[in-house]
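Order as written gives the chain letters A, B, C and D; numbering starts at 1 within each chain.
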Amino acid sequence: MGDIFTTISTFLIGLLTGLGVDPLLAHIIVAFLGAFLIANFVLLILIVNIWLERKVIGRMQDRIGPNRVGPWGIFQTIADLTKLVSKEIIIPSGADLVPFMAAPIVAVASVILVWAVMPLAKTAIGTDLNIGVLYMVAVSSLGIMSILLAGWSSNNKYALLGAFRAVAMLVSYEVPMILTLMVPVLLSGSMQMGKIVSDQQIWYGFSMPVAALIFYIALTAEIGRSPFDLLEAESEIVAGYHIEYSGFAFAIFYAAEWAHAFTVSALMAALFFGGWQGPFAETIPTLGIVYFMGKTFLIYFMSMWLRATLPRVRIDHTMSFCWKFLIPMSLILITLVVLVDKLAALAIGESYLDTTTMLAMTPRSLALLAVNLVTGAFAVWWIGVMGRRERERLAALEIKHVVIETSAAGQQAK
Amino acid sequence: MIPLHWYLLVAAGMFAFGVYGVLARRNAVAILMSIELMLNAVNLNLVAFWRYLAPTQLNGQAFAIFVFTVAAAEAAVGLALIISIYRNRETVIAEEINLMKW
Amino acid sequence: MSEWTFVALLAVISVALPAVPIVAGRLLGPRKPNKEKNATYECGVETVGDTWVQFKVQYYVFALVFLVFDIEVIFLYPWAVAYNQLTLFGVFAGIVFIVTLAEALVYAWRKGALEWV
Amino acid sequence: MAFTPVTFVFLLMSAFALGGSLGVVINRNLIHAAMFLMLALFGMAGLFILLEASFLAAVQILVYIGAISVLITITIMVTRRIMGTTESVNKQWPLAAIVAAMIAGTLGFVLLGRFQNVEPVGAVPDTYIAEMGKALVSHQGYLLPFEVASVLLLAALIGSIVVARE
């Protein structure tokens, strides 16, 4: 009933086998169609996303945004794309051709491959790997490789510098990402994305708000968005690792970045905000995809909002924030969570682990919420202490600076 | 299913390449990369034997996991040594690092 | 293993989708290279010396600390999957592991290895 | 033996693994050697998937390609100055080639003699990751190696920070 995905795939397989195709081959063909659809969906939705983001950010900054091509400028992205296609792909002298061309392809592939394990609805998931979460992290770590390749093969100082910086930053933020990603795995006792979503009768984002927040910050850094857009800080390293790319090769990098931004919103929705969960989504899977996309776009809107609001953080602050705040906090959080949760489970018994209904999940969620609030309060206090310490350090420097300046001025006067 | 000895032959080939690299390469980083190849070949052997001979036991996988850990630790310390030597002696060529050679 | 079929197919598609337009762009697009155009872009100034400027060791140190934390994934993820079935002792064993990792972080911090300078 | 898609994938991944290894040991340009290393590691991950060790495959990509290769690439870039101008192999390379060929020959001989026609004794249990997690923290399992591994990582970190920063 209402399960459009299973219906279509059984229909297609039936059709193909009816035509005399080998059943194995029929399955492969249907899987191929599904994969083709997903990959194209990820890339084509960018046309909407880019326009939407430019429009939204324009409005937030009291501008109109794209408004020339088509009604409300809706065809702006297509016009841009056409321009990029017709441009020459320049290979700079001294570039290493194969890695230079492979880098944007790896970048896009690493994003699209994440969607293989994304649960779009109860019955619509590419493939529910038993290591789904780990697969996702592994695949997105290939993106780091593509940046290193691009920076190295361009034979450009800025590109290399940008790549080094990007890699240092991305690997750093991968640590809190991996650590907080362990939380959904801990709670659902599985790395399967399908199981993690279907276990969320109460969303993990509600029972574990601090983990969700750390995860979201780490993801924002992973996609290189404001306030962490140091990967392409125009004023510092020109454009970063893709400075020498032009034409469609650049368009591919650009697409990879935007697709990544959309993908992490979807991940956030799936892992912490219940994915396809919603009223009647259990019985009508088609509804699930609507909920999932709705949540994804809401989170995506959040990241647009952040981008329009926040200025860029300095690179050393970015790194300290990761290593000296996010990682210690996630370690503390995980330690407390496993300890309190296990003690509570031993105290309450079997019913504690029940995830079938919202009511059954309430005790566990409350326990976890308490742990999270305590950790969150500690985190707020801690960041206050660190901020004060940094300000005092800077103030001390300022005084020294003034002293040197005055003594230099004194010498000049003589 | 793919026969077991195919995997073992691939592992043996990789191991031999690694041996050649360790013995013949001059650059210390290249030697380290060859060592990584040999460790990987060993891992492939472990996993292949696990799959064919003892899929219900955990030993094969567990051993492979510890090999991973040791490989990572080895790479970290080895590369740090190479960087340190480079800074002191301006070279990463294994033959030129002969201060301790009698 | 059959569940990986989809991943393999998606991998082929996700490589082909960007590769085809890039290759087509190279073949069909305009192609008029000249010395000026292909020169390294440095905001109009001619580039001086090798691209291979010396890099700081600090990049290595960050990658190193990252490596140590990345390895922990191998151990902690299976532990996390088994978590709901573990005894209190098992949970403590995992906590000891995490604390040892935290010690590594504290050491790197105190040594100033986490400073970006 | 029938030629199935699985055979094709196996051959492709073996080609990646072996070709990548060859590239690592003969390439003069170290950065290219590092890229070949990544190719070899990727092929290895594919072989792990064929062997139904999907957890190890993911770890292979995450740890080896995502961390160790990055570390190696950064080291090459940091120590680059005199690279590429010198010979890539030393004077004893013919001897090394002979030794390697002998090792390969001996291993191949032994393997072909002993391990042909081995049939898998059973299927991999679905819950093996959870089993692994339980074994890692139990007395009967790998509790001691598990804790020692964390100490090893701590020691490696301390050692390499001290060495790299003098």
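Criterion: a contact is a pair of C-beta atoms (placed from the backbone, for glycine too) under 8 Å apart; a residue touches a chain by one contact, two chains touch by 3 or more.
These numbers come from a predicted model, not from an experiment.
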Separation of chain D from chain B in steps, with touching chains one step apart: 1
Per Cα centroids, the chain farthest from chain D: A
Comparison of A-C and B-C by number of C-beta pairs in contact, larger one: A-C
Between chain D and chain C, distance of the C-alpha-averaged centres to the nearest whole Å: 18
Centre distance in Å when chain B and chain C are each reduced to the mean of their C-alpha atoms: 21
Separation of mean Cα positions, chain D and chain A [Å, integer]: 29
Chain C: positions in contact with at least two other chains: 4, 52, 55, 57, 59-60, 63-68, 70-71, 73-75, 77, 80-83, 85-86, 91, 94, 101, 108
For chain D, residues contacting two or more additional chains: 6, 50, 52, 54-55, 59, 62-63, 66-68, 70-71, 74-75, 77-78, 81, 129-132, 136, 149, 153, 156-157, 160-161, 164
Sequence positions of chain B contacting 2 or more other chains: 65, 68-69, 72, 75-76, 79-80, 83, 87
Complex contacts: residues of chain C adjacent to chain B: 57, 60, 64, 67-68, 70-71, 74-75
Chain A residues touching chain D - in the complex, by the definition given at the top: 28, 96, 99, 129-131, 134-135, 137-139, 141-142, 144-145, 148-149, 152, 160, 164, 167, 171, 174, 189, 191
In the complex, chain D residues that touch chain C: 6, 9, 49-50, 52, 54-55, 59, 62-63, 66-68, 70-71, 74-75, 77-78, 80-81, 129-134, 136-138, 143, 146-147, 149-151, 153-154, 156-158, 160-162, 164-165
For the chain D and chain A complex, residues of the former touching the latter: 5, 31, 35, 38, 54-55, 58-59, 61-62, 65-67, 69-70, 73-74, 77, 126, 129-130
Touching residues on chain C, where the partner in the complex is chain A: 3-7, 9-11, 13-15, 17-19, 21-22, 25-26, 29-33, 35, 37-43, 47, 51-53, 55, 58-59, 62-63, 65-66, 69-70, 73, 76-77, 80-86, 88, 91, 94-95, 98-99, 101-102, 105, 108-109, 114-117
